[in-house]
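Report on one structure; see the data block that follows.
Read from first to last, the chains carry the letters A, B, C and D; within each, the first residue is number 1.
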């Protein structure tokens, strides 16, 4: 067997192997990437970096980042926050856990936000909340659909109450989209949890999810402890959440682009139409 | 023991007994009426005639009936409908199962509809649907709250699809009340079922119910047959329906007037206020 | 009288079976004489079939219409969705309790224009029927529909609903989650809409379960659909304590499309191909498609407040059958 | 450090117990000398108590504030409802799934003006706590709240919410019925309102469960309430793998009313009587009542679009802590 590569690494060269996190089988790295980091044996959808997500979802080269420089601080002087945050920045090359901008999808313009779990578990602090809010607001201003890829453990503890307020702030922005007739689609990827799930993620017009993505309010341990009711085997998987009526479709990664494209085509029609009428 | 009287009869003279339909005990007829036809032993709330309901709920002598002459026909020439309908008319002195009008409750003007189960099981045909609709519309026109007492087995089979359409018609009128900011309160009395429950009854702003009232979509036999799930002992009682979140309070008959009064006082405030401002 | 469509159609179905068998032989037949014989046989049987069909359809009563509306090969909502729209994408969540497969929903394109589709869905075999709960929706089905109605309003999409249910689910679970409230709230949500709404009864328009998604500006019925306040068997059980008297009840209830039109309760009848929709599903779908397009065009041209239009439409129901 | 309010207050509670006992004796005492002695004892003990209290309250840290916010004699929502409003009538139905007693709702009168009240409700004894699920609301609680918000809009009533929950219910059942969606949808419904909305954190402002009903135009905190993104114990468990380090986490999280005000995340602090609200619930309620009336008056006088005002209020959250 050849060399082994880190599965999260964006540079995976040919002839190198990676190990599937689902079935533990060895996969050719180049095939693995060609298959959008989905295991060809067990279908396990591995987590993506924001770059991969955008590259593999939107029209080639169409993404233009917004607010790239927006950065946070350590308002609470929270123990170890500054070094942790800096380490995450060095590791990922991101200023914070969310990247936003405008992109095209089958030529339709869309406002986009993508969380990256590799940055402090995709947690939502002031900057992530602000970026998601601006992405939603851009949808209203530019009269285009908004697509948000979620990947987050929840609100960022280290910014205390400021993080909690981002739940309300992003929700307010979703409400604004509703007022403007702007379609807003969220996609639950692995994992979509807690404060993110309990705010902008769950109130999209249409909610899609990647197969087997972990989706829940409380950590499985907490929620299992909390009640006599036994958790089912597929508890907090996207498939279970679909059965509970909380999302609309589980979509394989290779079909995501087409599904999103169909949705923004139908749901964004009146927006384009009205715009056309206005001038 | 003295003479026995028919419990539903409006004329119950002193010294006569009636038998409680709940505990089967004998009750002095005059005490029974003084107690609003509630058994003093077991609290069983006996069905009322529309006259009793209005007399015991609204300000004395304040009720003015509307559309008293509105009468139906036998549009489908349905087997036995005409004689059955005539018999109900003779028995009750009503033209159909619902009586409507304007009344006062603690001096507040309200639009009222009362179903009477004694008229063909309180079933909703064209006339009942029309009267409830007009009662709701009067609330919008006169800018006053609407109170509806339900007592019905459901839509009236003998008028076929015309009866089914009354579900939509009355629902449309409820929607109009919502548009006009007119508070609409419905009260489930024994029984409130099927097509009536599945239309105007269930979408009131506030829903009250009398204790132990039978409240359900399907006859208990049908719904128990239909599924593996075992029906609880209190299935389809007002108390059970309250636990299911489908109504807001179970209110004893003696407290109904005060409860309704408080509700229309708070919920009708802006209506009166706006009216005052308008002139 | 026949209790089911299969029983009623027994002779015809056997005849068609026979024709099918001969046709299979025909393909394999190499002897030209034998071939001509078989071919003639097919033609004569098909002739006979057409005559029987013609006879059966020349004197359809309310009960036969009921059987036809329930016929298992009859096209269901998703069959029409496939043939009438493009780009349909099913949306499953009710955001309340669970996924209900007795009602299917989602946006789709109708001749270039997005519409929101909502419809009851029956199943054709036993697995499908169980999965679809025999098209008897639970509260979550109606709440999913409400979500779609509100989404259609947000994005200014016309709504098209397909009605095909024996009844709403009457079980203990449905009661416990408020099936009555869900049906009423669904109608209420429809009456709030400012976008055009067209409903079409394509099979069984079963009482509350049907009207729950049929509070439309224009309500159509397919020729061989039925629409009733109560299933005929249920009516017979109450009236004559004999569910077997369904045929008499069907007559008494006047549940055919023709009666509904006469009473002014539906706005039009959509023709079906000869022998009813299942005999030519593509043509049936084309007729449905044309009827929907025509209805939407009519509503577009009204230019009125479509919410008031819908109110007035239902406001009139039964007015001519009262006196005061 | 003390783990609970009772533990922290142990000495004081014992002292008060003692005072209580002496007072009982005092009432029965007929001998004037003994009476004077006992009376002096009471006075000296009460003096001591006041001094201890003063000392304790002069150096309250975030952990003590947490304990105070959770203190079981602390007034709960229904205590304030009783003392702030008249004509409160509880409304129970969520119209979806079930009655949730962790959130109480209903219309009431505040100085002649109807308002809609929504609040978490804790229980004081074990039965009450179970009945109230420790004020941890399930999806149906938040959906009931949404019903009330929408009703308030229909009838143009201001909304007043009382926040007092350790967290939303995290159990399997809550997950299965969409607790996350319910919380988000509740905030969404609040952001839709055009009527004035005032929220007041009266005890524990526990993360998502709290913000779910706190998307108001004006958010107040009682002096000894706390408001946090995560319970200190949970934070300690994650940070230091030691839930016992709650006190350190409480400090790190800055969950006091003073901090929240400094960060600009609440709009005002409602004073409490000396020794915190439970020592004089009537005065506490009066202060709360005044704060609510003042807040509503402020919102009335703004005359602005209250929906935009609410948007802008939350839009600002954290803005001053970013750079670009």
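FYI, a residue touches a chain if its C-beta (ideal position, glycine included) is under 8 Å from a C-beta of that chain, and two chains touch if they have at least 3 such contacts.
All values reported here derive from a predicted model rather than from experimental measurement.
Ranked by how far their CA centres sit from the centre of chain C, the chains are topped by D. For the pair chain A and chain C, the distance between C-alpha centroids works out to 40 Å. Note on chain placement: the centre of chain A and the centre of chain B lie 52 Å apart, centres being C-alpha means. For this pair, chain A with chain D, the centres built from the Cα atoms lie 34 Å apart. Residue positions 95-97, 177-178, 181, 185 of chain D each touch two or more of the other chains. Shared interface positions of chain B, i.e. residues touching 2 or more other chains, are given as 178, 202, 244-246. If you sketch which chains touch which, the pattern fits none of the simple shapes: not an open path, not a single ring, not a star, and not all-to-all. Pairs of chains meeting the touch criterion: A-C, A-D, B-C, B-D, C-D.
Interface residues of chain D facing chain B in the complex, by the touch rule stated above, are 87, 89-100, 107-109, 113-114, 140, 144, 151, 154-157. The residues of chain A lying in touch with chain D in their complex are 67, 69-73, 75-76, 78-80, 125-127, 129-130, 133, 155-157, 159-169, 171-172, 174-176, 178, 194-195, 197-203, 216-218, 222-224, 226-227, 229-231, 235-236, 244-246. Residue ranges on chain C touching chain D, taken from their complex, read 95-97, 143, 177-178, 181, 185. Within the complex formed with chain A, the chain D residues making contact are 168-181, 183-185, 187-188, 191-192, 207-208, 210-212, 214-215, 227-230, 235, 238-239, 252-255, 259-260, 263, 265, 310-311, 314-315, 317-319, 321-324. Across the complex, chain B meets chain D through its residues 178, 181, 183, 202, 205-207, 242-249, 259, 262-263, 265-271.
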